[in-house]
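For reference, the structures are reproduced in the following blocks.
Shared between the two complexes below is chain A, which pairs with chain B and chain C, respectively.
For the complex of A and B:
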């Protein structure tokens, strides 16, 4: 059983037990355009909520990816490093960035569920 | 308090095509269409793309003294420019810096200039202040400018105007394109064969739609235009060249003829002549990062000890190269291809190599 939460910076975190998988949303990948380069955090790195965790670059520009919650990096997705276009093709599936062991799961309460995020996107238009 | 953005005659077409509109040099321009920058870039190199570059300034200079008057402002050889021929040159300042770069066409009874959108007002003021008697200028505000670029551009355009097949690179002529009279030059900003079409504003959309109906042609935005010119090693004014960089530092000496080097007679000539004679401290070069991380403009170039020795002026991912490419200024001794340099990207040093430009070979139509 897993639950997905969203940030206002258009990251998602899919939480199963005390582990969270993190990526960027479909809205974010569309806004970025073709992704051509990804830099992921080192395994074992401790990230605070909101810390710069990864870099995603399109042809035009570089953007930071922030960690939606605090925790320790336990895995990274080499597939998006080898094939950055995965982030455009499947942002919420094969295009994930890294996973964390959550150090403060109560932070999840500050994030949005899918319905709230969809509502948030409507407000951006 | 954003000033109101200007629109080109193709604005409605951009919206119809799903263009993503962004502010650029005071205009609302398409950075890309739904296919995206990568696809637009690659399609340009294999087929042909249509770009709206109507934001650029189109200027006509008439009068008996037009050649001498323009030569007093640019190091380019305008006197030797035959009718129907085009030359790339720069407006220089008194320090030998570059106020703008431009294309000059000898259109018979007048000179036709294409100048950068962001420099338009300053260039016009500069020209008005210094042309003097016997040369009058008009900024054409009733013309659009379309760029048709790519290896299949000539075949597609020749269907409407068979005569364009006879143009060679850096020549121009007036053609009837299916009832629309255009000044067409065989030139561009992608490194590919192609054309720029100066067209009456009220016929521009009609012409663009007609060209886009051809199977070889798709629309492309400013994003692809930038990645294409970077791979072609072509300077972007405001990034690679500006008031503080000279044509010699920017590796543009090829655009200054022997006569102009010797004779001078343009702003900053003494500085440029001195640089040609004794060299310069820094030069604009191609830089190939050895890893995958793109080095964007303003990235510091560092030596082995981590000391900053230069700066990237343009950089990003080169879709045809399949990796990062950049241009920037390095000290003269490191400007030879093969020199090793470092790039400080997000605080981490990345290895890079100075390489000869362009990154992708030019494929101009030279006969």
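For the complex of A and C:
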């Protein structure tokens, strides 16, 4: 059983047990346009909540991806390095960036669920 | 239109790569076959001939001439690239830079034989110090970003001399990307400052981030939204209050030169892009020049060399020993981009102080004319007058199926270089236009008619023509995504373009 949480910076984190998989949202990939380059964090890196974790570069701009929660990087998705287009095609599935072992799960309480994130997006229109 | 057999259209020639032209054995010069010589290559002689094309001189000359004609350049079209200040470079600058005494001078010449060149560097420095009101200058930085690096290295040297280790540099969200890059290159951590809904630095947020670990605040004024940072004095006071330095990014100095004395803004260090404010050429990556003016507090830490003057003439200070200086180091070989100094000084002296002031005023007037006349069709991002550049967002394209990128591509067909797109990042789908003072009202009116017409066509549901634009360039719409994802960086004989 997993739950998805969202940040105001348009990252998502899908949490199963004490592990979270992180990526950027459909809104973010649309705003960026075609993604052409991704830089992922090193496995074993300790990230604080809100720390710069990855870089995503599109034909328009380069942006930082921030870690939605604190934790240690346990896996990265090499597929998006080889095929950055995966982030445009399936941002919440095959286009994930990295996964963390959460060090402070209570931080999840500060994030939005899908309904709250959708409402947040409506406010950005 | 009927396609031609060659693919060319009159003088618009279908241009193959040089490797695809000529034939083996052709050559620009006739050389006799050399006699047999002893081989000193130690077995490293290549076994097959190099795969170089065989080309006669006229083929090469025509190839590069035609390529140059396919450029969209400031000498061929209006080029309102926001934040880049693509203005006309007066030919007088070029004439003076080609004088033999300037063009043929060599950095290894004895000091006594280059007194005129040193005097020129000293005079250019004097103008820049006078125009900014700051007492010292480092002339050697080779570009704007290099000037930022120079300023931050100087700040770091000053802090270290005080025995302080400050780690953070505050940079507004709307800054040029070079600001955070320069700070990071100097070993600082970059802390972004958000903007207000008025497009200016959020002074409250800035003050909340200040502390005794902040080395500097970097601020561009006018900023990259084309707006004057009204709170600059309060920002200067706040950073000085915690013992940090105030770095001014002088990229947009062209909007205020002759009207604002930089020293009065509380700035400790500022680079000046000579190619922007003082009309030296924007090279394809160089040579640029970004001299950095410095306050009294930073002056001892300026990089060497420096030109000084005494009764015996001009001298170059190359080493710190015995000079009383504590330079942050040397940041460039030799003495800076001398040829660019000649052009910049020629411009400054031919314009005069009053002319420079007039140029800044005209640049702001032209930008406001664009903003006023385009605001009916386009959506300006912020209320009120702008400085030297006008910023629009993509609200006017909402539901049209046309993006900022498509709109810019269509402008190429109209015979204009597109404006800056998607920068600054603080507005959605940005279109940033900088007309500069060198454009006439007639040019601006032609541009305005095209932009307004395109905006109307986009709103009337003609998305398809925008999505395939430009239609009148040699290769039409390029696939930028494929170019970035699968770049072809090298010609290979088996791969035809």
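Simple rule for what comes next: the second predicted complex is superposed on the first by the 125 of 125 C-alpha atoms of A that agree within 3 Å, B and C clash if a C-alpha of one lies under 4 Å from a C-alpha of the other, contacts with A are read in each partner's own complex, and residues count from 1 in each chain.
Please note the rule applied: contacts are C-beta pairs under 8 Å (C-beta built on N, C-alpha and C of every residue); 3 or more make two chains touch, one makes a residue touch a chain.
Values in this document were obtained by computation on a predicted structure and should not be read as measured data.
Engineer: State whether chain B or chain C is in contact with more residues of chain A in the superposed arrangement.
Structural biologist: More residues of chain A are touched by B.
Engineer: Touch check for A:55: first (chain B), second (chain C), both, or neither?
Structural biologist: Touch status of A:55: first partner only.
Engineer: First (chain B), second (chain C), both or neither: which does A:37 touch?
Structural biologist: In the superposition, A:37 touches chain B and chain C alike.
Engineer: Based on the superposed arrangement, let me know which partner A:17 touches: chain B (first), chain C (second), both, or neither?
Structural biologist: Neither partner.
Engineer: Shared contact residues on chain A, chain B side and chain C side combined as an intersection?
Structural biologist: 33-34, 36-37, 59-61.
Engineer: In their shared complex, at which residues does chain B touch chain A?
Structural biologist: Against chain A, the touching part of chain B is residues 31-32, 36-39, 41, 223, 227, 292-294, 296, 316-317, 319, 324, 346.
Engineer: Report the residues of chain A in contact with chain C in the complex, numbered from low to high.
Structural biologist: 33-34, 36-37, 59-61, 84-85
Engineer: Which of the residues in chain A come into contact with chain B in the complex?
Structural biologist: 33-34, 36-37, 39, 55, 57-62, 81
Engineer: Inside the complex, what are the residues of chain C that reach chain A?
Structural biologist: Touching chain A from chain C are residues 405, 421-423, 425, 480-481, 484-485.
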